[in-house]
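First chain written, first letter: the chains are A, B, C and D, and each begins at residue 1.
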Amino acid sequence: MKKVTVPEQSLGEKVVKHAAAIRVAMKESVYPLTATVFYPRERKKMPDNFRGYLMFDPDKCISCWECAFVCPANAIQMKEAPNKRYYPTVDYGKCIFCHFCVDSCSGGALKTTKIHDVAYKDMGEMLTLTEEMIEEPEIIREDKKLVEYEIDEQDLHLKRTREVDTLFVEVTPPVEIPMVSQCIEPGSCLGCRICEEMCESGAISSIIERQVIKMAIDRDKCTGCGLCVKECSMQILRLVRK
Amino acid sequence: MEGDDKDRNIRILHSGVLTPLRRWGTKWSLWPCHFVTSCCGVELAHAFACGFDGERLGTLNMGISRQANFIIVEGTITRKMARALRIVWEQMPDPKFVNVIGACGQRGGIFWNSYNITRPSEIVPVDFFIPGCPITPEGLLRGVRAVQEKIEGRDRTTIKFKTAALPSEEGKENRIPTTAKIFAPTPAIRVDVPKEVDWDFGREMVKNLKAQLGDVYKSITITDKNRIAIKTTPENLVKVARKLSDTMGIDHAKNVNVIDVPHERKFIVEYMVSSYREELMPVIITIFTEIGREAEPVLSSLTALWESGDYSEREMHDFFGIRFEGNEGMNRKFLLAPETETPLRKDFKLEEERYVLEDGTPFAPAIELPSDLKMPLSEGLLEEAEKSDDFVVLIGPHHTGSGHLRWIMRMKGDVIVDVIPDPGYVHRSMEKLAENRLYIQNIPLFERANISDPINMNLGYVRAIEKALGIEVPERAKYIRTMMAELSRMGAFFYDSGIFSLFTGHSTGFMYVWAIREMILEAIVRMTGSRCTPSFIIPGGIRRDISDDVLNMTSNFTSAVNKRLQKFEDIFIYNPVFVARAKGVGVLTREEAIRYGIVGPFLRASGVDYDIRKVEPYEVYDKLDWEVTTGDAGDCLGRYMGRYEEIKQSLRILKQAVDALKEMPRGDVISEEVLGEYKEASKDIKGHLFHAYGNLVLPRGEWTSVIEAGRGTLLYSILSDGESNVPYRVRVVTPCWMNLRGIIEASKGERVADFWTIYGSFGYFPPEADR
Amino acid sequence: MAAIAIGESEWEVAIPEKPLKDKLYFENLKAKVIDTNLCSRCLTCACICPVDGITAVDGVDFPDYEAKCTDCGACVRVCPRFVYEPKSGLGSYIEFIAGRSKRFAGQDGAMVTELLVSAMEMGMIDRGLFAGRDEKWAIEMFHVRDPQQLAITTLGGTKYTFADVLPALKKAVRFTKRGVGVVGTPCIVSGVRKLQQEFPIFREKVKLVVGLFCTENFHYEDISRYLKEKGVDFDKLIKTDITKGKFIATMTDGEVKFKVKELEEILPSGCNVCTDFTAVESDASVGSVGSAPGFSTVAVREEPAKKVIEYIKEKGYADFGEADTSQLNFLIGHKKEREKNITKPI
Amino acid sequence: MIDINTVITGLGIEGNQVSVPLIQQMLDLLPEIPMIKLLISFILWKPFFAALICPGFATLGILLLFFPWIERKLCGRIQWRVGPHEIVWWLGGIIQLLADSLRFLFQEVIVHKDAHRPYFLQFPFLTFIPALLPLLFIPAGNIVAIETPYAIQIILAVICLFPLFILGLGWASNSRFAFIGTVREAFMYFAYEVPFIIAVLGMIILYGTSDPVGIANKQSIWGIILNPVAALTFFIAAAMATSRMPFEIAEADQELAAGPHVEYSGIAFGLIYVLCYEKAYVLAGLMTILFLGGGSGPEIAGLGDLSGVIWFLLKTLIVLTTLFVLRTIYPRYRLDQGLSIGWGAMLSLSLIALALSIALAQVGVI
């Protein structure tokens, strides 16, 4: 335990402390430790893991809806594409940039950019549709220099370089954990085929032959998204290792 | 409302004589009337502090609406704040501009279905919206530039999307899935689920309690280590409390909580109490009772015994409509909501999430806006003050020195007679929202209670979950969490120092600490990718490991900060004027501090050696070498110096943690227990967050975690029914909410200007208090 | 987490034949059961329906079935009356006793509560499905996981109203870890048995089925209207009971009594064809007839119930006495007469 | 045709011209266009030059446009940031104040319904009287508008009127914050005015004259060295009088939201905003004269009388800057602390200064 005592300042000490305060001000007016980024004309370098605007790659998307489910702000809502699959749209009027969606995207279809300085003149524009998230957007930039914060053992330094930072980053794909949906209790299957309707990758198929429905899960096609597991009315599907 | 035309100001600017001069002058002289309404204010401060210095653009922050011509609405506008926004806008001279920053003020952000937030665009005409939660300083300055361009005549959105073609090959028709949330039917709600723990002291204590309480209790259960629950009847509640207070020296209430169980027609009212006596420090005793679920049930208040529960009781009155007999504050002042609304009752439903984009549907519920601009005072206050010859001043909610709450100050000459707080201007209904979200979705939610100390907010919640699940976190993750928590604690301290120096009129002090904060945020952004709201700690560990570069940087930070800190010390802390202002002001003695429920460093400054990091160590605090700082002065300077000393200890902890991390081999950072099938993701959760956590269900019972956040004891109490993947009730008691009482009591009898010293010394952060 | 058993990638589901070939299964059900007044409103179909489409607002129906129905045939598979084999009589039993719970107070001996709670204590089940009621005496289903929850006064007592036991059962089965205990009228018991017969998951999870002696039951909308006409104020109603051929509604300020026979005008068509009084398919059936006042008659039929009764005896939770089966015979006979009402299927 | 020289002589402005050797030849070479010569003679006529150019309106105007910029830049620098910059960024945002004043000029002026409308609008303008009047008596070097042996006393008298107008502003605003602000202003007024006057009095005694030109001339050793105590008192009192940190008690942005000015908007606020700079300018000028030797300094070749002007301005600017940089160094005192400093420490300091002055005068240093 450490006891803290408050400073008792005698007259002499007061003078010393006054002098110290004035000295700091005088010193700083000559050699200031300025730490300012001249923003519109310069840009601060953000790390590659910076959580900014989202970009989307429909080829990698398995339409698992997890981005929509995990979004705490309900900013991601799914929209049907011409190929009848559902892809995410982002409403930046709600997005809180927590990137739970990116961390939930097992296919790596969502990725981050370093865009974060945007002003909208109308709230309606803040809804970004799927088709707008595929290609890199353009933002109004006035920056000519890049500033990087460097902290060494002495102090913070601003390293300025005359380059224009790219705002788009290459990201490493997530660890692949191959999962496949399996029926753990075929006897309890109702034959309702909701799983088949649910499956956006078309891995689950059914054939009705007279009084028998033959259900089959294509292990290769199954993306392990878990939608069928979630929706199965009898809860007899499970995700297991491939 | 009338005159709410977005382009009216531009028309004014472009008409009349000397138009080019008017335009040019206005363009370069946008003085924002900083409408600090919520947490985006932290980033606004960064934009105008030395890191980005918004003054470069000619935007000088001006606290006074008459002289400003630009409102930056910083986030949430609650129902209560809506009037203030309109008033400020009406007060400003034409031409005036409004920017809304942060998702809360647009479509609600994470609070989109809250019962208490409105959309500023429906209250005042808004020129630009800047997305983010919070926005980055760059975003804010981009907004300023956008307004400047608009004045020049270029009104544009600063991002252009390119439309790409979506895959169009024919696919099969798909079914739309249902919600991922699972609500158990008629859940079994029990506060005192017994648990077998290795805790002899507790068993002994239960024995003693049973002997002492005699026949006034119904049951006494050990619910977890250091947690005891006592059930009693409403009639015997006061008796139990009195016995505990008299015989055991239980001296403060940490929490007052109400749980609504509509299907069992009852409310469970619980008091979490504890003592600052050495041996009882870690123990939290929950006294609870059940009362009938009527329109306005009555229960006798325990404020006579534990005044620290006072404000929480008032809050519960607002939220549940329970009247605590004996508490003076039963006047529904918190929400400024319709009198009959009791939002935390279960039958008060919120808007449901939509997972499919539908055209033409509103995104957030429409909330009825207040129709007049009156901000009511409690009845008879003015008349009474006039009779006793007191002068009443209303400070806030929009005032340079008020923060986002209103203070009703009664003074006699230059001496404060009474300060009555009117909180709730940033009440964003977190507790209600948490009952409707997945456990994992609540992580960002609670973090937003206080984005100047986000990691501790995050850690407390996650620790409650881990406690419930009994997960052991990997060593490396523990160290990283400790490191981040200390960074966050420093961030909170420097935030408060900045505000404190501003409150005493010292803008340089503000700038200096904000430069240090800029370094802290740089470290956090490199670790997590977000400056203020990392949401980085998840049950079982952290989202991913951090790189060596960042570790080196953090290690450098511990020594680099000294240079700037030394200057700050010279110009602010030991500045004789500051010492004169803070010394001997707002003294709270040990007894007073305990009685009023002060927590954290402010309590320690009054001489109570209570730090949860030592009392009930979590993460790796018990493995590191550091000391708790206490003081005896109990005045503003003592509180501040105590915290300053604590930050030096934090630097020590940080240094040790970083060094340990550098030595440590890389390994798992998420516990495999919680990941289950997805254990390959134990190094980086990327790609599997929802799989692994979407269906997280806690065991039945109430799980209470306390941690030492930047401003004091932070208590999370999660009540789970054991079946739903959403919590049944989450109660969070933030340190600022507890400290509110201290500000009032310390202010009484001091001089008017001292109020701001006291206010600043307590580091009050309204969003944290209001939740 | 324990390793999950690897499941099947391919499996087959046998679906029943459709009497009406080109109609959906639900239309078959409607034609064969609902429209022929055979339906007992046990709602087994609603329980199993994968899209949760079947409701019982005003008779069992599936609004909007054309759009929603997946035509899986589960409703037909589980309907106890699709192929109706009326049961009657006393059924087989191991033991026939009268009991009175010491721990619980309720209608008669409160043995239903005692059975379920004891089963819960034994660890046989982790939840019981009880019918509670709201202020208007409408039924709401209650999952009781903890004896403490029984403190709610509305759980005990007879309601003489159909309860949505089975729709709740699906959720109970989904959430349960050890097993579920169900209480219900004979029709519900048959429904559960049918579910268990068709789907192993119900065999596994539904551990205890307690049947109630039942002459008839009423739809909430009918009986509430009827009682209001008789002058019963639901806000003041405390309990309802049938003794000695009379319906007694006890209120805070008095009683309303009338002959049970009068109720026949609102007798549901499903009950009109029901011949089972003692819930012969249950694990144990309980009722007031056949034992002394304050005691419940318990017919222990299956092994699980036997275990529970033994547990109760061992712990001494209840007093036991002799039950008189002869008293039952009248009512059994009375119900058996209804066999004549059953029209032959199409 | 009238001989222009005759006119000039007739007006009596001939002998009292500002002589600038550097441009004298140029002036001489000016063609004999009568009007221009007359105009130049007028401008260079010392009283006229003093009132109109330096230290009068032109200097004041330029100072008001650029001094806040200097202050903001310097404070920014000390606070590790930049200050106004982007407006013409290659000049460091030097015309920032022009933009601000244009904005204020064209902005709506709101008179709220509780305000006393006539006074509310009149006071910002009336306040200029005490702010501008002293300039007529302050010499820049040897250039002064009105030369009188009682100049210092007149300046003091006029400056002392200043707070009354601030009280008027606050009263007319009829707002609670403005009310508290004005009361504080009034308290502070009495607290600093007495030591302030005593300190000046001491210097008058020391110099034996109250003619500013005379005082300046007498300072072979600067007053600040002769009587540092008086200088300190004067400086602190100046900080109090202009509501600078640590004595920004009446305005107290965080407490009273700028006190008396809280309700002013548009150009009315613009005027109030520059008022305190005007007052500071006057006080800094006075300090330069009393303690820093006025316009004395090494002769700058070729500038003649203007040399004194430049030295005067330079010293005044330094004093001003020091005064304004205080706000980066100090937080603000509480009202009671401010008062006790005024009535306690400063009063005793001023009395010591007075005694010192009398002693020095007796010894006959000057």
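In this text, a residue touches a chain if its C-beta (ideal position, glycine included) is under 8 Å from a C-beta of that chain, and two chains touch if they have at least 3 such contacts.
Fair warning: this is a prediction, and the values are worked out from it, not measured in the lab.
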item: Chain pair, most C-beta pairs within the contact cut-off; value: A-B
item: Between subunit C and subunit B, distance of the C-alpha-averaged centres to the nearest whole Å; value: 50
item: Inter-centroid spacing, subunit B versus subunit A (mean Cα positions, whole Å); value: 23
item: Gap in Å, rounded to a whole number, between the CA centres of subunit C and subunit A; value: 50
item: Computed distance of Cα centres, subunit D from subunit A, in Å; value: 58
item: For subunit A, residues that touch 2 or more chains besides their own; value: 21, 24-25, 28, 33-36, 38, 40, 194, 197, 240
item: For subunit C, residues contacting two or more additional chains; value: 4
item: Interface hub residues of subunit B, defined as touching at least two other chains; value: 50, 53, 56-57, 508, 515, 571, 575, 677
item: Topology of the chain contact graph, where touching chains are joined (line, ring, star, complete, other); value: other
item: Residue numbers on subunit C that touch subunit B, as the complex places them; value: 1, 4, 132, 140-146, 148-149, 151-152, 154, 168, 171-172, 175
item: Subunit D - residues contacting subunit A, complex; value: 74, 77-82, 85-86, 89, 325, 328-330
item: Complex contacts: residues of subunit A adjacent to subunit C; value: 180, 182-194, 197, 208, 211-217, 219, 233-238, 240
item: In the complex with subunit D, residue positions of subunit A that touch it; value: 21-22, 24-25, 28-29, 32-36, 38, 40-41
item: Residues of subunit C that touch subunit A when the two form their complex; value: 4-17, 48-51, 70, 72-74, 170, 174, 199-202
